[in-house]
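Two complexes are shown next, each including subunit A; its partner changes from subunit B in the first to subunit C in the second.
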Partner chain A sequence: MTSDKQTGKAGVPITIRQLVKTYGSYRALDALDLDIAGGEFLTLLGPSGSGKSTLLMAIAGFIRPDSGLLQFGATDVTRLEPHKRNIGVVFQNYALFPHMTVAQNVAYPLKLRNADKARIDERVRWALALVKLDGFGDRSIHQLSGGQRQRVALARAVVFEPSVLLMDEPLSALDKKLREHMQIEIRRLHETLGVTTIYVTHDQREALTMSDRIAVINHGRFAQIGAPKALYEKPASRFVAEFIGDATLLPLDAGQKRPTFRGRAVKTKDASQDNGSYIVLRPEKIRLVGKDEDAGWNCFAGTLDDIVYQGESVLLSVRLEGGETLFLRQPTDQQSLAALPERNQPVEVGLHANDTLIVPEEAA
Partner chain B sequence: MAPHAAEAMEGDARRERLRLLALSSPAFLLVFVVLLIPVGWLFFLSFIDKDGFTLSHYARLWQNDAYFEIFRVTFLSSFLVTVLTVVLGYPLAYLLSQLPRRAAIIGLTVVLLPFWTSLLVRTYAWLVLLQRKGLVNSTLMSLGLIDEPLNLVYNMSGVVIGMVHIMLPFMVLPLYATMRSIDPGLMRAAISLGAPRRKAFFTIFAPLSLPGVIAGSLLVFIYCLGFYITPQVLGGGRINLVSMKILENATIYSDWGAASALGVVLLVVTLLLFKAIQMIVPVDRLMGRS
Partner chain C sequence: MMDMDSDPTVSHLRRLWLYLYCLAVAIFLLAPILVVIPMSFSPSEFLEFPPSSLSLRWYQSLFNSAEWTGAAIISLKAAVLTVLVATPLGIAAAYGLQYSEMGIAKLVRSLLIIPLIVPVIIVAIGVFYLFARLNLVNTLTGLVLAHSVLALPFVIVVVSAGLQRFDINQELVARSLGASRLKAFRTVTLPQIRPSVMSAALFAFITSFDEVVVALFVSRGPSSTLTRKMFTSLRDQVSPAIAAISTILILITFLLALAALASARGDKAQKS
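Up next is the complex of A and B:
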């Protein structure tokens, strides 16, 4: 395997050009182009059936694309058999070999590469230490918890220094606390190894937490590719705005030169968003305002429908005069709680001009 | 409401256990009546004759070399049939396990189809096919592959061919069940880690399918030890198995003691063999985990 040592510790850049995969008339991958930098942590994010797993499996070599180009560094791997690609894959259900111990699982890729015994022992110890499973080598897979199995799968996928690390929803089977812990562990592991990593998830929060960049995929096409903050703060389309984070989208009045909502001009920071068709209201970007607090705010009148206490925050739902429901998140310090209005009271919801975001139906 | 006393709760739990036990009692009774009692009776008969307690039935088995030969042929044919059903059944079960479920069910139905015809019919069908002027010999001769008809029946090969055909489903079913339960993701994982397909098969799939091989082999082997009709018809009296000798003793000579002693020896030898296999292959470990 060629590994491009100039680009970083072990990171090999990946180039994808016009990659197509169809199943009958269904285009699972619709002429995708993507450049992944060496050592980058890129997440493929999309709803189920969006094509994210298909793309990952095509990179792994388990799905043969109909046409297109796939390159690791300067090497064309489009038609290379999967076992020759030198990739580490962490599967959703871990896919650990049940008839082998933890150490035998981790040693498996090294034995295939004919490493000598001393080298295997050393690498297995290193990999198990990396995932904090020192001393677990002799355990059977059946004796491990879900989180531990996940770590073994990780150790096995990185022990042979692959040029690319692929992860297919690896944390989806874990409970929330463990999942959040493992997200940080995987980030740390990525920083230590510097291996180019492609991570698949449908969990937008996980994608925001872990990635250098996120590629949002829908119907076999990229809806938007960018850094987490850019995607959240500047979604390119209605789909991205709704898929990443919580948001209520209100349709702007049609046929107006400047954006207006029900006849009232919408204040924005600059004129760059003038050609959008929806205004994005995120629960943490809006708040209850007084009637007179007008300057710089876009205000929406409605009725407080429900108050849901969620521990770290309170979620308020407000029904607008037009029947749409907005959600607001409020902190739970005593002062804020005391200031909450009663249910069924009329309220004003404010969105500051600086936070006002207008998105088009489709990306330009 | 007052809290319930611990004794009352415990009483509920006990009654529930009893009810569960009652549910299993028909099966338990059946096993007791049709298995334990007859085997016990067999055991008892083998130690008596008209004068009371005797070891003469066993002594005769020990002294007569013909009996040793019968046991040897019985175990040899059972062993051959078992090996051949593994060789034929493994690739078939593998193919079925890799097919989509719907196609696999059709394939399994075809495998099971012979069960719906009589054992006797299938056995005589083999006789027609394998005899000197049967379909197999005449085809081979007309193709010029052989000049003389092969002796395919009334010998060991006829017996083994017929028994393999009858026993194949008993091998394929446990193999298929085991193989179907192997996560296909494991093969993918092995390939992603750098294993060529063949290597992945031998290091991952084959060891995980071993419990199925053992289960199928035990089924086939033990069934073969007592097989009567097929080896009787296709052996044409030239292949003597324990089952035939037992029948001969019981029906022709009305010597239930001798027949019982043969049955007991067959049972004991089988159990010893089973134990020996268990000591060599960790059957429990393989069966208990998947």
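Up next is the complex of A and C:
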């Protein structure tokens, strides 16, 4: 490890400027700008083909960008070979070396750095303890479960104190329970090490759970970058509102000064959202109300289409007079369940002015 | 893995016809090869089966003949050098073709496989005229080059099959962990495709060692290979010396195949 590279708890900041990668006429990365703070946990979230993995591979050095700048700290790494970048990478399929034992896998990056045997042994033991695999060193890879393999891949990626940790959908091969458990483990690992981490996923819940910030990417551009709560509560565009969380978007009437929906003024907390064109209705933000119960509510009349019991909540679907379908989530305590109307009954759906969110088609 | 032998639903007795059939096929395939072995131990001047008595006469005369041992040494040299030339080239080609994103890769693969399809005699004639201009006729270099062309398709096919089962992400990980491309290939990829590489090398060896058509054209006189010498001496006389050489060749091939099998077994045992 060279001295000009920052190591240790601070983590290395990453600067991305006007990064472009094209395949033929297709722009996989369309002039991206991004600043990642040292020690930050940033998630690249997007649908498949959005460019999130391309960006990660460019940061790792496996894809050479056509133009633009990529910096780790003050070092320009845009054209640097992957093996000189001091990065740890964890892939979706773990990519462990099956011809080596667990300990040999973890020792591999240390051997490449010509560490002496005592140091290697010490670091390998430290890394395996970190991922709670003490005593697994002599096992063969074939003897491990999926979750254990994932842990070995993690240990191997952090054992040499990399400047940056990159993870490409590392949990997508695991079942739901194990995945949620590993999300917390990876978060804890990140907090212990303080290494700048870039995490790629298409699972919006995973992104919300783990990240300091989320960069939503679509068609090779950032749709929005922000903290999980900001993204969920204040999506910048229709795409972000629909991609993160469940939402039904209703188009506002065109050509009005103030937002209106089918001729009725939409009540909002303040006038800051007046230039949007869709009203966002999330299942947990809306509920059934009496007719114009309160001046603070925006009301939508419709018919109760279906009631789906899901254990921790009940999902109601309501068909509006215009034909759109809204979804509402209701708690399953006895009182709420008893108060549910019958199917095919007319109902009023209320969205409080304070929860009313209006988004534009494209981010400003 | 399901073991067919331990399948309890069909008894060995009911499968008897299958065993007999396999035995018949094995005899049909092996008998013509094995028949030369007893013939080689005959003391007679001519090939006879079964031999009237047993003797090592022809083996003795072989090992005492400078002509035959010289030819054997040429053959071994050519085979070993062919392995050394064709195996690394074939591995590099297979690797490049496997991971190339260029559309031309398919065409290149077909071109490299051509020596496998084209009749050897045509390759031999072409090689002869080319080597005549390059002054490579009757040289070991020329023979090795020609044999490498013939061996290359085998190496490419076998190593490609090995690479198909290899996850290239492992190499990417190795590079991210600090290995250069070459180092990543050497420490991660190569150990895992080793069984394919071993059988590819074996194929290359046997391709050269058994080859006679090209050798007829480009190795002559004192630079004759063993197979070429056998071929020409068969024209003049059919002596049990030929049977003795054949027996030795069969033994060598058998041992090589056994070694390849053992190496593949060892690899499997290590994996499970």
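Simple rule for what comes next: the second predicted complex is superposed on the first by the 353 of 364 C-alpha atoms of A that agree within 3 Å, B and C clash if a C-alpha of one lies under 4 Å from a C-alpha of the other, contacts with A are read in each partner's own complex, and residues count from 1 in each chain.
The definition used in the following text is that a residue touches a chain if its C-beta (ideal position, glycine included) is under 8 Å from a C-beta of that chain, and two chains touch if they have at least 3 such contacts.
On a predicted model such as this, the values are computed, not experimentally measured, just so you know.
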Side-by-side fit of subunit B and subunit C on subunit A, or clash: clash
Which of subunit B and subunit C A:His99 touches, first, second, both or neither: both
Partner chain(s) touched by A:Ile87 [first = subunit B, second = subunit C, both, neither]: both
First (subunit B), second (subunit C), both or neither touched by A:Gly24: neither
Intersection of subunit A interface sets (partners subunit B, subunit C): 60, 62, 81-83, 85-89, 91, 93, 95-99, 108-109, 112-113, 142, 156-157, 160
Subunit A to subunit B touching residues, read off their complex: 60, 62, 81-89, 91, 93, 95-99, 108-109, 112-113, 142, 156-157, 160
In the complex, subunit C residues that touch subunit A: 167, 169-170, 172-180, 183-184, 187-188, 191-192, 270-272
Contact footprint of subunit A on subunit B as seen in their complex: 183, 185-186, 188-197, 199-200, 203-204, 207-208, 289-290
Residues of subunit A that touch subunit C when the two form their complex: 60-62, 81-83, 85-89, 91, 93, 95-99, 108-109, 112-113, 142, 156-157, 160, 166
